[in-house]
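Going in written order, the chains are labelled A, B and C, and every chain counts its residues from 1.
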Amino acid sequence: MTLLRIDDVYQSYEAEQVLQGVSFDMQQGDVDVLMGPSGSGKSTMLRCINRLTEVDSGDIWLGDTHVTAPETDVNELRQDVGMVFQDFNLFAHLTALENITLGLKRVKGVHAEQARERARGHLDQVGLGDQTDAYPAELSGGQKQRVGIARALAMEPKLMLFDEPTSALDPELVGDVVAVMQDLAAGGMTMLVVSHEMGFARSAADDIHFLDNGQIVESGPPEQLFEQPEQDRTAGFLSGLQADGPQ
Amino acid sequence: MSTEESSAVDDVGIAAGVSVERPWALLVLAGFWGWLGSRWINDFLLPDSIAVSSERSFVPVDPVAAAAETLGSVAAALGPVGAPVDVVASLVGFVAGSLPHLPPLARGAWLTLLLTVAGIGFGFVLAVPLSVGRVYGGRWLRWLSLSYTELIRGTPLLAQLFVLYFGLPLTQVIRELPGVGAGPLPAQAFWVAVVGFTLNSAAYQAEYIRSALESVDAGQLTAARAVGLSRAEGIRYVVLPQGLRYAIPGWSNELIYLIKYSSLAAFITVRELFFRAEAIANDTFRYTELFVLAALFYLALVLSASVVMGWVEERSSVPGVGGRQ
Amino acid sequence: MVQTGDWVFVLSNADTLLFGLVVTVVLTLTSLSVGFLLGFPAGAIEVYGDGVLRRVVTVAGGLLRGTPIVVILLVLFFVVSVSESAFITATVGLGLRSAAYQSQLFRGALQSVDEGQLEAARATGMGKLQAIRHVVVPQALRRSMPGFQNEFTIVLKDTSIAFAIGLAELLTQGYNLFTQSGRSTAVLEVFLVISAVYFVLTFLTNRGLDRVSDYYAIPAGENR
């Protein structure tokens, strides 16, 4: 079943044209990775999917929800789309547990005790069952990002968006976060991931989309894209990645 | 220590909150200063033979008053449609009612300016040693300057002025000084106020400078010692020049505070701007004109100060140190 | 100058000063409350609002911040005549002026909260108001504590300027004590005592609010 359909999406900020006709589909349970140079429009693409950014033209469908239709209730849509940010954006004044319960209580109207119960479950799931009462400033980057993932999962989304979830982390902390994401992928979560983490892409991705200048230059499964890219731009970018490490 | 000083820099936005980024505002200010300057020259410097009487406004009152009256009757004749004309009429009427009071207010503004400039200037001279003593001094010096700033900042300025004016024999001493109260030199109360503002402002300025000095990287003094400067020289030539640049926003703030709080000198009989406005209002019962005028005068002074300080900030900044980022 | 007889005089009139002290404390609290109730929304309007409302708030704030408090008080008393009562007039005047300062305080604090916080809250499906209320405001209030502490002591000290409209607060009571009793030798003693009382008040306020800040501070660990 097609869960996400991106159809000919254009987007611009004032003078700057960012997305220039992006289209792709994701099936339920797919894990797709979006790669491309800095400024190519990857974050913008993700943000259009939960409407933190509005498209200029084109359509996005999530299941049978017409995401880009003006009458769609964004707050309802966003409960179905979890988002994980590069710089975590944990609520600084709340503990790990409260970061998760806030949305459950305020958006889903879950009763406080039950919200805590569920939040504990999600923290266990990301390996942080012992950090429920820690404030963000007391956590390492890797722990923060795992709380960020748990916070998104708690809303029971149909689709998870990850915007460079490991690129703000010290190298030795990347592994923990990638492991959590791999677990999620194995568990059947539909995930759209902006990342240059080759290990994750190889092991978990169904398809990789290479974005440049707001257009998808090439798409395909990791073996194909990494071993025999058809486009020179893709090949150039990937060889740069392999030489310099993730950017 | 209180956490008060951590907000010192935030306060800039607060005090300078009056927006100055509008060219017409600059034009209005230029007009205000042109008029005020001419008034001071006319009243204080020009010989009586060629000067306009210091009691008369530059613009004759009668025609303006007549215009207001005419407009008023036009508005009345127009009935309900005349409402906009009526507004104009009352504005012109306000101007006509204000004109006669402008000359004494201009003379009051002169004292306000002197009080502010003297307070901030002398206060600065005291504040630098106070803050340096606080940051780099030994135990006693630190304690002394801390006590002074906390005592001053913990009590109301008006109470301080009362202590100085009513409580201490300061007035008798100043009265005996040559020249006080004679000719252009203001009377004794003014000097008491200058002492008060100096002592008060020194404490606040010391706090601004202290937090600015502390924001200069400690490595700067180490590096100064490493090239062979003494500790005092290092503070004088390396730390202070940077620290004082960081202190400028706080300093702008203090200047604006002083302009406004100089009005409290009225309560120890200094004939500054607010004193004049209140005295005339009490005589003539024209409270509206006089207090609105006083407010406009202070607004113009505060705005001018923030324009000037914005310029100073820009001029004194070097890349990486001071200035608005 | 300082004579024992004059200290006895101050002591025997302690009730007069005590009355003034109560007025000062109550006036400080009422003014700060008015300032908060108006200043917080005003700050929020400056950050999140637009159009006419925002302009009105900005201009009114600028006027109040650019005018001496004594002029504001007299305008309210004689021109606007908000009330016969000097206490109410002082509350309105000090409250409005404090609102103008508090609005800047809260504006800065709201703006200092990272945009990502609001975005993350919106991404979980919270409405804009909800996100501001539950995520941005709690952080902004904590950050405005030092500035609020400063504002608290400014208002406390400036209650003395209600002297100008004859309100019987601490300073006025002291002034009347020496002018009306004919005991002019006690001037210094009276004002020293009054200053000491103000000092103790500001000192206690600062210590008290330090504690409040510490209590609400967000813990930060070794990391980061």
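Following the convention adopted for this analysis, contacts are C-beta pairs under 8 Å (C-beta built on N, C-alpha and C of every residue); 3 or more make two chains touch, one makes a residue touch a chain.
In this text the structure is predicted, and so the values were computed from the model without any measurement.
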TODO: Taking each chain's centre as the mean of its C-alpha atoms, give the chain farthest from chain C.
DONE: A
Task: Pair of chains whose C-beta contact count is the highest in the structure - done: B-C
- [ ] Identify the chain whose mean C-alpha position lies nearest to the mean of all protein C-alpha atoms shown.
- [x] C
Task: Rounded Å distance, chain B centre to chain C centre (Cα mean) - done: 21
TODO: Please report how many Å separate the Cα centroid of chain A from that of chain C, as a whole number.
DONE: 47
Task: Centre-to-centre distance between chain B and chain A (centres being mean Cα positions), rounded to whole Å - done: 56
Open item on the list: So in the complex, the part of chain C that touches chain A is made up of which residues?
Closed with: 114, 116-117, 119-127, 130, 134-135, 138-139, 142, 218-224
- [ ] Within their complex, state which residues of chain B touch chain C.
- [x] 2-4, 6-7, 10-11, 13-15, 17-19, 150-151, 153-160, 162-163, 166-169, 260-261, 263-264, 266-267, 274, 277-278, 281, 287-288, 291-292, 294-295, 298-299, 302-303
TODO: Give every residue of chain A touching chain C within the complex, in rising order.
DONE: 50, 52, 75-79, 81-83, 85, 87, 89-93, 102-103, 106-107, 134-135, 137-141, 151-152, 155
Open item on the list: Under the definition above, what is the set of chain C residues touching chain B in their complex?
Closed with: 1, 58, 61-63, 65-72, 74-75, 78-79, 100-101, 104-105, 107-108, 145-147, 149-150, 153, 157-158, 160-161, 163-164, 171, 175, 178, 187-188, 191-192, 194-195, 198-199, 202-203, 206, 210, 213
